[in-house]
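Residue numbering begins at 1 within each chain, and the chains themselves are lettered A, B, C and D in the order written.
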Amino acid sequence: MDYQALIDEVYQEVSSMGLKGKVADYIPQLADIDPELFGLALVDLEGNIYGAGDYRKEFSIQSISKVHTLTMVMHVFKSKLWHRVNVEPSGNPFNSVAQLEYEKGIPRNPFINAGALVITDALVSKYENPEKDIIDFINDITGHKSVKVNELVHQSEIDHSDRNMALAHFLKAHNNFNNNIDRVLDVYTYACSLEMNCIDLARSFSFFANDGYCIFAKRRILSQSHNQRINSLMLTCGFYDESGEFAFRVGLPGKSGVGGGVAAVLPGKFSVAAFSPQLNEKGNSLKAMKALELLTTKLEFSLF
Amino acid sequence: MDYQALIDEVYQEVSSMGLKGKVADYIPQLADIDPELFGLALVDLEGNIYGAGDYRKEFSIQSISKVHTLTMVMHVFKSKLWHRVNVEPSGNPFNSVAQLEYEKGIPRNPFINAGALVITDALVSKYENPEKDIIDFINDITGHKSVKVNELVHQSEIDHSDRNMALAHFLKAHNNFNNNIDRVLDVYTYACSLEMNCIDLARSFSFFANDGYCIFAKRRILSQSHNQRINSLMLTCGFYDESGEFAFRVGLPGKSGVGGGVAAVLPGKFSVAAFSPQLNEKGNSLKAMKALELLTTKLEFSLF
Amino acid sequence: MDYQALIDEVYQEVSSMGLKGKVADYIPQLADIDPELFGLALVDLEGNIYGAGDYRKEFSIQSISKVHTLTMVMHVFKSKLWHRVNVEPSGNPFNSVAQLEYEKGIPRNPFINAGALVITDALVSKYENPEKDIIDFINDITGHKSVKVNELVHQSEIDHSDRNMALAHFLKAHNNFNNNIDRVLDVYTYACSLEMNCIDLARSFSFFANDGYCIFAKRRILSQSHNQRINSLMLTCGFYDESGEFAFRVGLPGKSGVGGGVAAVLPGKFSVAAFSPQLNEKGNSLKAMKALELLTTKLEFSLF
Amino acid sequence: MDYQALIDEVYQEVSSMGLKGKVADYIPQLADIDPELFGLALVDLEGNIYGAGDYRKEFSIQSISKVHTLTMVMHVFKSKLWHRVNVEPSGNPFNSVAQLEYEKGIPRNPFINAGALVITDALVSKYENPEKDIIDFINDITGHKSVKVNELVHQSEIDHSDRNMALAHFLKAHNNFNNNIDRVLDVYTYACSLEMNCIDLARSFSFFANDGYCIFAKRRILSQSHNQRINSLMLTCGFYDESGEFAFRVGLPGKSGVGGGVAAVLPGKFSVAAFSPQLNEKGNSLKAMKALELLTTKLEFSLF
């Protein structure tokens, strides 16, 4: 399989489609980005890199970090975590508080904001220096210094965190939150403010395509069973209330972020990351989603 | 009309019914109350007092204070307030956050918690010393020193305010909250922690029965129009999602509190307060509601 | 009180406001009406009539008939009916099926469509010739032949009744529907297709203002208690999810219809009907609502 | 891989767990089944059959037929169908009408009842003799006469179809229903009343595991792309509001029915069917679900 030719072809086709979306503007640091940026990178299981466009440009990974932090607590918590957060698709916007009320403080899944707050609360309970430990973990699984926090974004996220504060207090009211809310929100927004480029983001997802073993860290990150479960979660819940559409059209486990990034894996084959800041109305990157759809359409193999 | 005989009759009948409910237990200070307390007091428009049972016993007025604080800001804000809070019955529990999400941060009415938080936010904007001003206002409309705060209840309310914190942050996320959240919650829980007896609570509602003029303060508190509007709000929204039932069976504008109190008025005739800590499943006092139902059934006149 | 001068003044002021709404167009027979029609009529408790504008023009009373049919079964059923339909404001659009699902087949109140279907089902159970009996009842309470059905509207309502069919089947699935669905829908749409003018509509509401005694039929229609309860229901639930707003601004028990009519009462004083086909976004007549608001503002007396 | 040993092991383990659920009782014909029945059968891509327990016992396939009927119209409609029904997980019970209201008559996916009604409506539009064509289709893909309708169940389903009638009328009110409602409900309940045993049910799912080519019919049933999309839909939506849980624990595309059956596939490997009438609270078979979970846990390979 000539991945480079494939990536180039996908890049050209998507670029020529004239897709127009809306850059996230809830904080000024995200709104200021060049809307025309677009890149993608594929990393196979030998670690070869294939990229096109702005695939070396760093961007805010935002909610994609929810997969990294979930991985960090899977290891620690095992099954106990799943009493505090469910594994069902939400069918509602990512920051909905209504569903949390109907279901008495148990978030639908770990990738909506309420669920990720529970995950971060668990992470703060178990790690000594959560911010440093997150950085160390991501650097480890990419095999080099690959990630840094954007402090302006971090501060701005904190300044605009009223909805997440509402979710956290609501979780606490239901006894599903153990640590200081400000502290957890600080770590939560820190993880959302991380910046990576497409190569490193794809590398950080490589072990998901490899049964849980990371070729860059040269160690097992997740048991095969845990690895399958996170892949399953990404397939059913990775794209908010557009998860079914992504599974239907693309068919890969993946996760999007409001910064315009998408990371996904084809188990046994490769990991891939795409980035373009223009979003559709569900908050997912138009070009990145389309790039992955074309990629799987052109490939012979599929999850199903 | 022999109000004293009427009150006595109602007291006897309700006492003999064996009604059993559940005392509020979300904070220990409320849970510790003697569940058998029951009293009621009626105040006519000449200021005569008719009471039965534990009508001189002080209790936590809780949400009944929402009517007092709304009155304090009606005077200041006039119509502008109604861009921030609606006047429709909620049809949902008093502390629902789901409805607030569906309606984009505009609370259904000023008597559900979200609406009362907006009212308190407005009050904090306009009054120099909100706590003192609330006390002064209530003392003024009862004509003597009638109210005090229970500091243990106040502290405990603050310690159990996660749901209200969630509502406040959600309001702030929708730009419907102007002041520091902790400060507003402090005032909000202060007002909920006020203690009065049935006589003084009925006196504090007297002007609602008298077109807005208070015979105890010897001054107009609300314009006739504002007075009618608050009475209308109490009739349609005063008893959470049991408001229709109360209007249907009792037919008086009124307001309940989770401490077991209910205050109501028959315009042109009298104000009345009843108190018993055992609540029904909607959070309204079983005996106090039944007492007011019997009262209007036995009386010849009615709102309708 | 010079009611004729008052009515004229209200008519002139509302006419000069340039209010613009949208005529109901879900069936062609309603859409074809002259949108500029506007009339109002007041009937005092001696039976004197005061009118302005198109107050002698007949129009489709639509949901206002729900009050007449409820009155017909109040007499028959007494309290048993209230196990099948609640008395709470809905807080949702008049034809919502979602709320009916959440509340397991018990409609919120008798004036939303689901509730009115239960009422009509009860009426079909108890009356031999429902259509004729409805006509006879309304003629009786207006004191002369005052109402007729528009068969074109009736047929068109039947042809567009899928939402109501959905509600009826849902009620049946919850064992809250006893008769043949097509038969009940036929009677339901028949009542919605009745036509009256403002004078007769006001006359038909006169007994609600008179403690349940009808001066035209020269007999008691409802007990004082039942009369108060229907008035209470109209105040809290008579204008769909705008009921709170109407109570707040107007303060009268009343009922609106999608044909542009509104009927209301001031207990002890008068009944009133207004009509203009241009509706606001909640489905209530803009000019008729405004006319009643001005009327109560200009009057000295009020419910509260 | 010794599939027979695996199937036997799974059968023994699940049998010894003492799982207790509730047999569907909304119609008497389902309630009368022996609750202790339990069987499973696996069919590999060469057509070899491996079974255990009551795997030759016929049972009511109920909603599993929704996959067959969807397959029949995929072929005819291609992409046009997806304007009428979405592909997102529902997050709500299978017969919810509330979600349909919020989303304006577009069902969440083709496997909830509202979506399956749209599919059946499309099927009635395109097939001359829908009942016969469904039977012929299933017989074709199993390679022999494998299915028959239980007329008692069929009649009973019709007699208990008020909720589905409500959904159909609601769809029609939103212009998302083209045929006579009674006719479509007749076909819909017919498909739900089909009976198969585990072998034939697994055979009927074989082509889903084989890129769309059926070894029994000896022809392509679905294009590779359509096949992947139905597999994706089964993974994200096949088990009502327990779909995420099934994907998380089992990780196979599949579909359950209220008769106690489950059918699933491992693409490239096999199809499998299990049956036991005792259901969990979500309406899925307790033992069948557990059997598939054990099966994938014991196997080396997985979708992810």
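One rule holds in what follows: a contact is a pair of C-beta atoms (placed from the backbone, for glycine too) under 8 Å apart; a residue touches a chain by one contact, two chains touch by 3 or more.
Chain identities (UniProt): A, B, C, D = Glutaminase.
Predicted, not measured: the structure shown is a model, and the values here were computed from it.
Engineer: Touching chain A and chain D alike: which chains?
Structural biologist: Common neighbours, chain A/chain D: none found.
Engineer: Name the chain whose C-alpha centroid is farthest from the C-alpha centroid of chain B.
Structural biologist: Here the answer is chain D, farthest from chain B.
Engineer: Shared numbers divided by all numbers used: is that above or below half for chain A and chain B, i.e. same or different?
Structural biologist: Here the answer is same, because the shared fraction of interface numbers exceeds one half.
Engineer: Taking the mean of the C-alpha atoms as each chain's centre, how many Å separate chain A from chain B?
Structural biologist: Taking the average C-alpha coordinate of chain A and of chain B, the gap between them is 48 Å.
Engineer: Chain A to chain C: how many Å between their CA centres?
Structural biologist: Here the centre of chain C sits 54 Å away from the centre of chain A.
Engineer: For chain B and chain C, what's the span in angstrom between their mean Cα positions?
Structural biologist: Distance between chain centres, rounded to whole Å: 32 Å.
Engineer: Which two-chain combinations qualify as touching?
Structural biologist: Here the touching chain pairs work out to A-B, A-D, B-C, C-D.
Engineer: If we count contacts the way the header does, which residues on chain A are in touch with chain D in the complex?
Structural biologist: Listed in rising order, the residues of chain A that touch chain D are 86-92, 99, 108-109, 224-225, 227-229, 231-233, 235-237, 241-245, 247-249, 251, 253, 267, 297, 302-304.
Engineer: How about chain A: which of its residues touch chain B in the complex?
Structural biologist: Touching chain B from chain A are residues 96-98, 101-102, 162-163, 165-170, 172-173.
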